[in-house]
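Structures given as structure tokens follow.
Below are two complexes that have chain A in common, paired first with chain B and then with chain C.
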Partner chain A sequence: MYRGGEGQWAWILHRFTGLGVLLFLVIHILDTFVIVFGPETYDKVMALYRHPLFRVSEVGLAAAVLFHALNGIRITILDFFPEWSGRQRQFFYGVVAVFVLVFVPSAYVMLKPLF
Partner chain B sequence: MAELSAAGGHPRPTSGVELYAWLFMRVSGVALLFLVLGHLAIMHLIHNVDEIDFSFVVARFENPLWRMYDWFLLMLALVHGMNGLRVVVDDYLQRSGWRILILVGLYALTLVCFTAGTYVVLAWHPGS
Partner chain C sequence: MKITLRVKRFEAGRDREPYWAEYEVEAEPTDRVLDLLHAVKWHQDSTLAFRRSCGHGVCGSDAMLINGRNRLACKVLVKELGARITIEPMRGFSVVRDLIVEMEGFFAKYRSVQPYLIADGEPPANERLQSPEQRAKFDDTTKCILCGACTTSCPSFWSNPDYVGPAAIVNAHRFLFDSRDQAAEERLALLGDRDGVWRCRTIYNCTEACPRGIEVTRAIGEVKKAILLGRR
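Right after this comes the complex of A and B.
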């Protein structure tokens, strides 16, 4: 087990975002498969994603993917350059900073059609 | 549960299948950073869910390069995600009798998703 601090938060968030994104991936493979049943059925399923509830979930999905991707890069860098592992906390704040910089404008673009 | 590295990842296994799985997670992770964020940028920032329908997908799939892009994305994301879930199952259900049953279910679901996804992305054409 990891004991306390940023490393543990990063680990917990990495697990939960990974499981969440995987759940959506399975749903997304199935919803895309519906295309074999023709345009009427496929378009009916795609229309579900335009519901405001799904538009907000879409932003949540983007946040989960982005955090998991950035923190995964942090883990990979620290695994292959163990001499930097004393700075894992700074790397975590770097992840948070890049996350905010990319997420805020992206969320604005995705939610704009709702207003 | 095993000790974690300073970054909060599993430490590098010394050899065997687990070493390759560990390496795969990191190499596929770097590739997925570009593939997934590219996919999200195209589908949710440049286009959006208002535009995505049957004719959008058909037009996109006319270009075999997009089919290849989507297939690499599908394959790497599915194996990366399912291997991640396998690691989580092994962390929490090491001694449970459910472990084998859950892992078999997980591999079966992976196979179904891989087959269904590959068919749509590489083989399916409108009217087929």
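Right after this comes the complex of A and C.
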């Protein structure tokens, strides 16, 4: 394992969250496709999403989308303003801070019905 | 202090797999890692192979993966690393023997960006004048010693050895942003190609690996912008 800095971890997380979101999109396309088998089948499949396990996975999905979006903005800004490269670490910690601020309340709201 | 030195060893054509060799070396905290390698080679095991030339951070021969990061063995001190030091050859190049890697591909990419001044027309009677502001634009990228630490710290390069790599881009940047140079179009065409600057994912490993403190990712970013916006 190469011991890179914040930039390398941000990149690895960006890849994993990107793949996670892609996996969700594939599942989502398949589940909406079930409508061709009639509304009853569709409702049955949709009911699966109310299972607590799915609810927890949804929180994971929200985390993945949020990190991927924020880090994407960070990379875009640094690509367009290379002169700010010296502060790339602070940018990363900014992403982490905004992530925590947005994710913690969102996760609370999403998981509340479970308890 | 006593140092345990673990070195990843391999000889092409003899060993099937790389293996770890362990050496105990007595050292001062202010010794360089290069001193440890010398201590092993001169007094314990003369078969250990590594490159070094000047030993003072200028020639760029002894870049290697030290405790998980690319550094020059002649610049990093024992006190910065502790009593257990792990040394591997740089990643992404094939290993010739022990810490010696095949760098011909690396230099071929360096040559591909035409790393020299190209100026058509009659040369002036005296020097080609340049203002301090014009010179400052590429000051950072004049410092490269071609050690390979940046290119072999880059995940994009590990996964695609055809990527021209940070070092070649740094050396292209040195001439792209030189007001006296006139070959920007050719260099930008090469760097704007599929194995050029767009392979860069703005990971910053190269910047952190550079033993000369060059802001490598920034230089790559400036080249990306020059290609995108058509101006330097």
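The working rule: the second predicted complex is superposed on the first by the 112 of 115 C-alpha atoms of A that agree within 3 Å, B and C clash if a C-alpha of one lies under 4 Å from a C-alpha of the other, contacts with A are read in each partner's own complex, and residues count from 1 in each chain.
In the analysis below, a contact is a pair of C-beta atoms (placed from the backbone, for glycine too) under 8 Å apart; a residue touches a chain by one contact, two chains touch by 3 or more.
Everything numeric in this text was worked out from a predicted model, so none of it was measured.
Chemist: Please work out whether A:Gly72 is in contact with chain B alone, chain C alone, both, or neither, and reply first, second, both or neither.
Modeler: first
Chemist: Go through the superposed model and pick first if A:Met110 touches only chain B, second if only chain C, both, or neither.
Modeler: A:Met110 sits against chain B, while chain C stays out of touch.
Chemist: Name the chain, either chain B or chain C, that contacts more residues of chain A.
Modeler: Answer, by number of touched residues of chain A: B.
Chemist: Looking at A:Gln90, would you say it contacts chain B, chain C, both, or neither? Reply first, second, both or neither.
Modeler: neither
Chemist: Check the residue A:Leu19 against both partner chains and state whether it touches chain B (first), chain C (second), both, or neither.
Modeler: In the superposition, A:Leu19 contacts chain B only.
Chemist: May I ask you to decide whether A:Ala62 touches chain B, chain C, both, or neither, giving the answer as first, second, both or neither?
Modeler: A:Ala62: touches chain B, not chain C.
Chemist: Residue overlap on chain A between the chain B contact set and the chain C contact set?
Modeler: Common to the two interfaces on chain A: residues 1-2, 7-8, 10-11, 75, 78-80, 85-86, 88.
Chemist: If you look only at chain A, which of its residues touch chain C in the complex?
Modeler: On the chain A side, the touching residues are 1-8, 10-11, 75, 78-80, 82-83, 85-86, 88.
Chemist: Can you name the residues of chain A that touch chain B in the complex?
Modeler: The touching residues are 1-2, 7-8, 10-11, 14-15, 18-19, 21-22, 25-26, 29-30, 32-33, 35-36, 38-39, 42-43, 46, 49-50, 54-55, 58, 62, 65-66, 69, 72-76, 78-80, 85-86, 88, 91, 106, 109-110, 113.
Chemist: Please give the residue numbers of chain B that touch chain A in the complex, ascending.
Modeler: Residues of chain B touching chain A: 1, 3-9, 12, 26, 29-30, 32-33, 36-37, 40, 44-45, 48-50, 52-55, 57, 74, 77-78, 81-82, 84-85, 88, 109, 113, 116-117, 119-121, 124.
Chemist: Provide the residue numbers of chain C that touch chain A in the complex, in ascending order.
Modeler: Residue positions touching the partner: 65, 67-69, 91, 153, 155, 201-205, 207-208, 215, 217-222, 224-225.
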